[in-house]
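What follows is a set of structures for review.
Heads up, the next two complexes both have chain A, just with different partners, chain B and then chain C.
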Partner chain A sequence: MTTRRLVRIAIAVLAVGVAAWVLVGPRLRPHVFHGVVMQSGTPAPAIDLEATSGGRAGLDSFGGKLVVVYFGYTHCPDVCPTTLSSLNKALDLMGNGADDVQVVMVTVDPERDTVEYLADYMTYFDESFIGLTGPIEDISRIATAYGVYFAADEGDIASGYTVAHNASLMVIGRDGHLRLILPPELTADQIADDLRYLR
Partner chain B sequence: MKRAPRLRQLLAAVLTLLLGSCAGSEAVTVSDAWSRPVPPVSPASAVFLQIANGTDTAVTLTGASSEFCGAMELHETTMDDAGVMAMRPLAGGLRLDAGESGLLAPGGIHLMCLEPKAFEGSFDVELIINGADTISATVSIEDR
Partner chain C sequence: MLIEQAPPVEPIRPRHRRRLVIAAGAFAVLVTAGVMAFTILEPIQVLPRIRLAPGFALTDQTGATVTSEDLRGSVVLYTFTYGGCTEPCDAPESTMAEIAERIGEVDLGETEMRFVTLSFDPARDDPDALAARAQKFGADGHTWTYATAAEDQVRNIIGTGFKTWFEDRGDGTFSFDPTLILVDGWGIIRGEYRYQTLADDADRILRHIGILGEELRNSHGPNSLAYEAAHFFLCYP
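So, the complex of A and B:
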């Protein structure tokens, strides 16, 4: 075997190795989550509220999809539109995979966010987005069960009042368990990356 | 004959100094003003921008107005250790020392546009400086 032949074989082996690393490597490496992983042994707290999609809805209403739950409100000019826009972009990045994800926003301002109003608001960001509302007592109970704090702030503000709220996204897995908490500062790319892995 | 180049150099130096001092005394300038598109039913949107104080004295951005907003207020979004986000009027406005720049950005300071009337394209706002002077800016509506 000539030296030239040996070099050719070595180059071929190296090329196959590099190709395998590029193609298979990412699948072998464990996914590093951008959000906070939750390992709950019990199902996520139940949700039973009036839905913009019609009737009442809960976590089991979405055909086994991943459910992304956000607690927000429509009078929120900064954080809520930013988050809903990021979620829309994340679903766009997921392509067909977005069909396995349902985004819902539970309003923390049911006094102003009627179901009709929420419907117009949510579908503007994405046709598939669903708004949920109901009596403040029910929403408070659900939010507390998810560890989400919210409280109206009657400050001197033109919009009347604002609502301070935890702006993280709760991701409920197909098994109905809370799997992930996505902090509000994540980008659409990072959200898509985590949802793509979980779906 | 040898004095002409020197004279030219002197004139150039004087002109540079004059132009430099003019640039230094620029007023407050606003750039990259934008607003995220919100649903037409939305009761509020937020305006973000960069503002630079090119003067030699401190100024304060105290508010804004626009015929495309029912009302405008300078607000600050804050997030505590528990991830709770709150929004409150920025008491006293946004002070910029001489030569200082400020950024109004998502998750921080913004101008709230209550009852927005523009949902695409752009709209004009008047920023209020020191509670009296105004600066015009055009806000681009874009999804960033």
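So, the complex of A and C:
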């Protein structure tokens, strides 16, 4: 074999290698999650609350979809609307894949968040979003189990008050296990990227 | 109409086919060997992400409120007790004291290490009682906090959330499962120590805190792939 032929073969191999890297590489690269991956062996804490979609709802009420659980409230001045808007945008970015995802917000302010009020609020962000409410004791028990602490500031309905709460998103897989925790600072692109991979 | 006929596809010669099969086989063997080596040799160890720690609001030994949100971002070791608990029932707190004293042996980078001892007897353990017990074990109130929750919340937080069993015997004493629980800055339980092993508990937990520290310091950028692989292949100590 001549040197010239060897050089040609080397160039050809290099070209094929570069082309493969560019075309196939991204597909072979493992997905790097933006959120924190959980491998919990136990099912996610049960939820059984009144839903804006009608009747009571739990994690198994959403037809085998990925369930994104968020704890928030309708009078929330900043973080809740931002998070729900990001989720709406993330679902838009997912296209048809969004049909496999169900976003639910458990209110941490059941006193003001009636089913009707919650339904209007959720629909404002996305028609598919579902709000969940119930007695404060039930919500407190569920929130505790999800690692969420919340507390209302001093005040009443007339004077208004805010509720401090954790703003992470919890993603529950089809098997009912907690799969991912999405911190509030993630962008819609990053949320969509992780949900797209999990669905 | 002119129909262009596609050039005949040249079949792969047997010699080339054999080379392709050998190359694919070698690649598969290489990948399998790599996965096996990673799984068996465990070049990186991680602590499992077991489940979420509960959210809570507690009252500490100074009467101040401590919430799970205040502890977010720190690695926290929890233990559970009640003020009237005497030797040998206070073994988990003695282990905690040893770990707190030796915590400088592990490198957590910039992550803060906190210790929390939770009382399941809020009726008797008011801030003064908690402060007295904290003093006995050298808890400074910041790095190591003694606290309890409202009576209607204790069972929800300790029993349901931390899955630690306790029962009031009705005579001022409690039966309980001596437990230490390690939680990371995300609020995820990474270690549960409910029984004695051949290794000393303090040594074992310190080693685990070191493993967690290594993950916290290194699992950024491309390195995160290696740490996620370690989680995937269950490379647990």
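In this text, the second predicted complex is superposed on the first by the 175 of 199 C-alpha atoms of A that agree within 3 Å, B and C clash if a C-alpha of one lies under 4 Å from a C-alpha of the other, contacts with A are read in each partner's own complex, and residues count from 1 in each chain.
Everything below uses one rule, namely that contacts are C-beta pairs under 8 Å (C-beta built on N, C-alpha and C of every residue); 3 or more make two chains touch, one makes a residue touch a chain.
Source: prediction; values computed, not measured.
Touch criterion not met for A:Thr2: it reaches neither chain B nor chain C. By the touch criterion defined above, A:Val32 reaches chain C but does not reach chain B. Looking at the shared chain after the overlay, A:Asn96 reaches neither chain B nor chain C. In the superposition on chain A, contact of A:Tyr149 is made with both chain B and chain C.
Contact with chain C, but none with chain B, is seen for A:Ser40 once the two complexes are overlaid on the shared chain. With both structures placed on the common chain, the touch criterion links A:Asn166 to chain B and to chain C. Within the superposed three-chain model, A:Ile157 lies in touch with chain B and out of touch with chain C [touch as defined at top]. Of the two partner chains, chain C is the only one touched by A:Leu178; chain B is not. In the superposition on chain A, contact is made by A:Tyr121 with chain B only, not with chain C.
Under the contact criterion defined above, the residues of chain A that touch both chain B in one complex and chain C in the other are 149-150, 164, 166.
The touching residues of chain C, counted against chain A in their complex, run 48-57, 67-69, 72, 153, 156-157, 160-161, 186-188, 224-225, 228, 231. Within the complex formed with chain A, the residues of chain B that make contact are 36, 38-46, 70-71, 73, 75, 77, 79, 82-89, 106-107, 110, 112-114, 143. In the complex of the two chains, the chain A residues touching chain C come out as 30, 32-33, 36-42, 140-141, 143-151, 164, 166, 170, 178, 181. The part of chain A that touches chain B in the complex is made up of residues 74-79, 81-82, 85, 112, 117, 120-121, 124-125, 149-150, 153, 155-159, 162, 164-168, 183-185.
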